[in-house]
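Chain lettering (A, B, C, D, E, F, G, H, I and J) follows the sequence in which the chains are written, and residue indices restart at 1 in each chain.
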Amino acid sequence: MLFHVRMRVRLPHDLDPGVVERLKREEKERAQQLQRAGTWRHLWRVVGQYANVSVFDVDSADELHEILSTLPLFPYLDIEVTPLTRHPSALDPT
Amino acid sequence: MLFHVRMRVRLPHDLDPGVVERLKREEKERAQQLQRAGTWRHLWRVVGQYANVSVFDVDSADELHEILSTLPLFPYLDIEVTPLTRHPSALDPT
Amino acid sequence: MLFHVRMRVRLPHDLDPGVVERLKREEKERAQQLQRAGTWRHLWRVVGQYANVSVFDVDSADELHEILSTLPLFPYLDIEVTPLTRHPSALDPT
Amino acid sequence: MLFHVRMRVRLPHDLDPGVVERLKREEKERAQQLQRAGTWRHLWRVVGQYANVSVFDVDSADELHEILSTLPLFPYLDIEVTPLTRHPSALDPT
Amino acid sequence: MLFHVRMRVRLPHDLDPGVVERLKREEKERAQQLQRAGTWRHLWRVVGQYANVSVFDVDSADELHEILSTLPLFPYLDIEVTPLTRHPSALDPT
Amino acid sequence: MLFHVRMRVRLPHDLDPGVVERLKREEKERAQQLQRAGTWRHLWRVVGQYANVSVFDVDSADELHEILSTLPLFPYLDIEVTPLTRHPSALDPT
Amino acid sequence: MLFHVRMRVRLPHDLDPGVVERLKREEKERAQQLQRAGTWRHLWRVVGQYANVSVFDVDSADELHEILSTLPLFPYLDIEVTPLTRHPSALDPT
Amino acid sequence: MLFHVRMRVRLPHDLDPGVVERLKREEKERAQQLQRAGTWRHLWRVVGQYANVSVFDVDSADELHEILSTLPLFPYLDIEVTPLTRHPSALDPT
Amino acid sequence: MLFHVRMRVRLPHDLDPGVVERLKREEKERAQQLQRAGTWRHLWRVVGQYANVSVFDVDSADELHEILSTLPLFPYLDIEVTPLTRHPSALDPT
Amino acid sequence: MLFHVRMRVRLPHDLDPGVVERLKREEKERAQQLQRAGTWRHLWRVVGQYANVSVFDVDSADELHEILSTLPLFPYLDIEVTPLTRHPSALDPT
């Protein structure tokens, strides 16, 4: 099942730089782990913003929330989730 | 070059049914033609709305506009275009 | 899997009254059919508006879209879909 | 009487971690107490957000405000309250 | 129980003048009937708009919806309902 | 002359508790003083929010601004002012 | 007493041209009558829009509503009213 | 003096095709006339929309309004005007 | 040339009181200087808000920006600028 | 390829003044470097705001993001990117 997820990162400017580095590193590791698992299907950066557009392929909304809410950057993310379904004109549903 | 495009269809309720059918058929043909060409890379239906989220792979913004503005349903589409770029954590840029 | 769905009905004022009646009757039949099937889990009217808040229990987002997009009133509905998941403090997940 | 309540939690990032833990623990206790009393009828987590959608069954708006305004997390909650009523197509009013 | 209700009237410009007159007359009769009953507690016109701010005193949200949804002008009203409760500094709760 | 005023209180979370207590006490005293004078005609709490809806009866907009801008909590208030006038269907203008 | 009023004109495109001309002529006559009376104190056109920003000097909000709601174009106006008061730095209150 | 102008064209779908063609032709002629005069300094199409972003070089806001309000498509344009000034880092003010 | 300018002051609550006093004093001096010069043509306080509506009479947008951006409170101002032009029904253009 | 970019600068008021100065100086150097390279094609200040409207001429969206995300002020910028294309009435595509 596919979910379109838009994430905008809002890091407080007075957050400790060391913490910021660690969070970013952990976030990248987690993101790549999920991509290798085929769960984080697509991940694109929005031009000009500290934001991404992603598509997740999960078995349930519960699974999606588990993933998103345990992302290292989660406390600093504005997230919008839009469930997707096959488009009648789509040749390839993925 | 990837562009994220969100299209919402707003067909006037008093539009001639025959015109509506023709426009929908032509739109589907055009969409599938562009998918086969690899231009309309992703096409998903937004659950609960007459709307889609798409990703286009084009050589320029001019090409994208040429495609979108000549879609049969274009006069009835609310379109939002967001340019995408590779995410630093993305394993696969597409 | 639970989805929170908010529907607002916007019937054009110049729609044929006979059509309106038929659509409403069919919508009610369909809604009650889905409630009996346990799919349309909760259906409440928003006070003061021709709108409802609903919770659907479906196996997938595809199934939800199939249900919503084939509702008789679908062409006249503004729909917002919000995927739900179990709340850590919820005693009862439904 | 049913009220639809959407709560979004916005904890300041520089709030003392000990205070945060205590508030969360007390919030959970209170939420479960109200669920057992049948007042907090439904409690769902919004996927991807530190937010919930709830339905309260109370005897009056006064009672609802008393409950919401004394929640431990109240000072950090964005709350939207929507009164509900029975939908003419609903088989089960709850 | 008090509800704050904001109503904005949007009459289509091509609605038959006779119908408009009848609706307005019936709306006024109904509004005054409800005021005499003490239900429509306050009714003010918003300066510069075909809109009003009202306060209703009802026994339940169901009753409020019954009243609002059967107003002659209901199909042409944008309505926002805000439940009220006693303010801790209010000398008079009404 | 009646003005509808909606006030939302946004107290910074790191404001000194002693200052908060004093401001709230002074605000209550002032609000009750103005109610006794008949100026602050109606004062209701919005359910679920640290906000109120009020109706002021003043001789001029200048007087209203003088009152609002000298409220102890003024620096922490989001205020929306809507001038009211007698509704043609209102039996009682107040 | 001064009120800032922003008016945006939204004439339906299918309104009879003769009616439009009459309304415009009457609106101009009324506007100039009110200016001569000193009531419609300032009247400016917003660049690029069929809209104006005005300042009215009236004795009450009732009077302002009486003026605005009887403007020939009133049914086609989006109006926002903002009460003004003397600015502490203003040398001239008008 | 430079003004940034964003125009969105909203042609009613039931406008006579002949009228639409004439308006478009006249709009193009006028736009090119103003470009040759150096007034309509920049004119770009927004990708995916029947909208443009333009920069006008005029001697006054009056002149700009005269130009915009006499554009053939003016009745069907949503226009936003933003005055520009030289940026302190700009090497070329135009 | 007239510009309508709406300014909302958002002073951080933890700004040093001495700085706040100085900024306010300097702002008042500057505002009165510009009023005496005929540049700051109108200055009104919005009732209930720490905001003003002003009309500036300047020779160019550059001059307006120079004035606004050098106001002592500029770093704490939300500013909206709307260019004005003579209204066809205005007896007095100022 | 042209992109319209609107940037609004939101510097936290408690940011170290020395850091602010350095960032501004570096931002100016970078902006002028890009202008000399013909990449930052147009750069205008929005009157009354710490914001700019720009047009970039780049070979790809990737290049644009690389430029924007490495601007010294990037962490404090709200950025909106709108892809542009040649307008059918434009005499000069730039």
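Here is the rule we go by: a contact is a pair of C-beta atoms (placed from the backbone, for glycine too) under 8 Å apart; a residue touches a chain by one contact, two chains touch by 3 or more.
To keep track of the chains, here are their UniProt names: A, B, C, D, E, F, G, H, I, J = Muconolactone Delta-isomerase.
Computed from a predicted model, the values in this text were never measured in an experiment.
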Minimal step count in the chain contact network, chain C to chain E: 1
Interface numbering overlap (same over half, different under half) for chain I and chain J: different
Inter-chain centre distance, chain A versus chain I - centres from mean C-alpha coordinates, in Å: 43
Approximate Å spacing (C-alpha centroids) for the pair chain B, chain F: 50
Between chain B and chain J, centroid-to-centroid distance (C-alpha), Å: 28
Junction residues of chain B - those touching two or more other chains: 2-3, 14, 45, 47-48, 61, 64-65, 81-86
Listing of all chain pairs that touch each other, if any do: A-B, A-C, A-D, A-J, B-C, B-H, B-J, C-D, C-E, D-E, D-F, E-F, E-G, F-G, F-I, G-H, G-I, H-I, H-J, I-J
Residues on chain C engaged by chain E in the complex (per definition of touch): 11, 13-14, 45, 47-50
In the complex, chain J residues that touch chain A: 3, 5, 12, 14-15, 61, 64-65, 68-69, 75-76, 79-81
Chain B to chain A touching residues, read off their complex: 2, 4, 27-28, 31-32, 35-36, 42-48, 52-53, 55, 82-92, 94
Contacting residues of chain A [partner chain C, same complex]: 1-3, 60-62, 64-66, 81-86
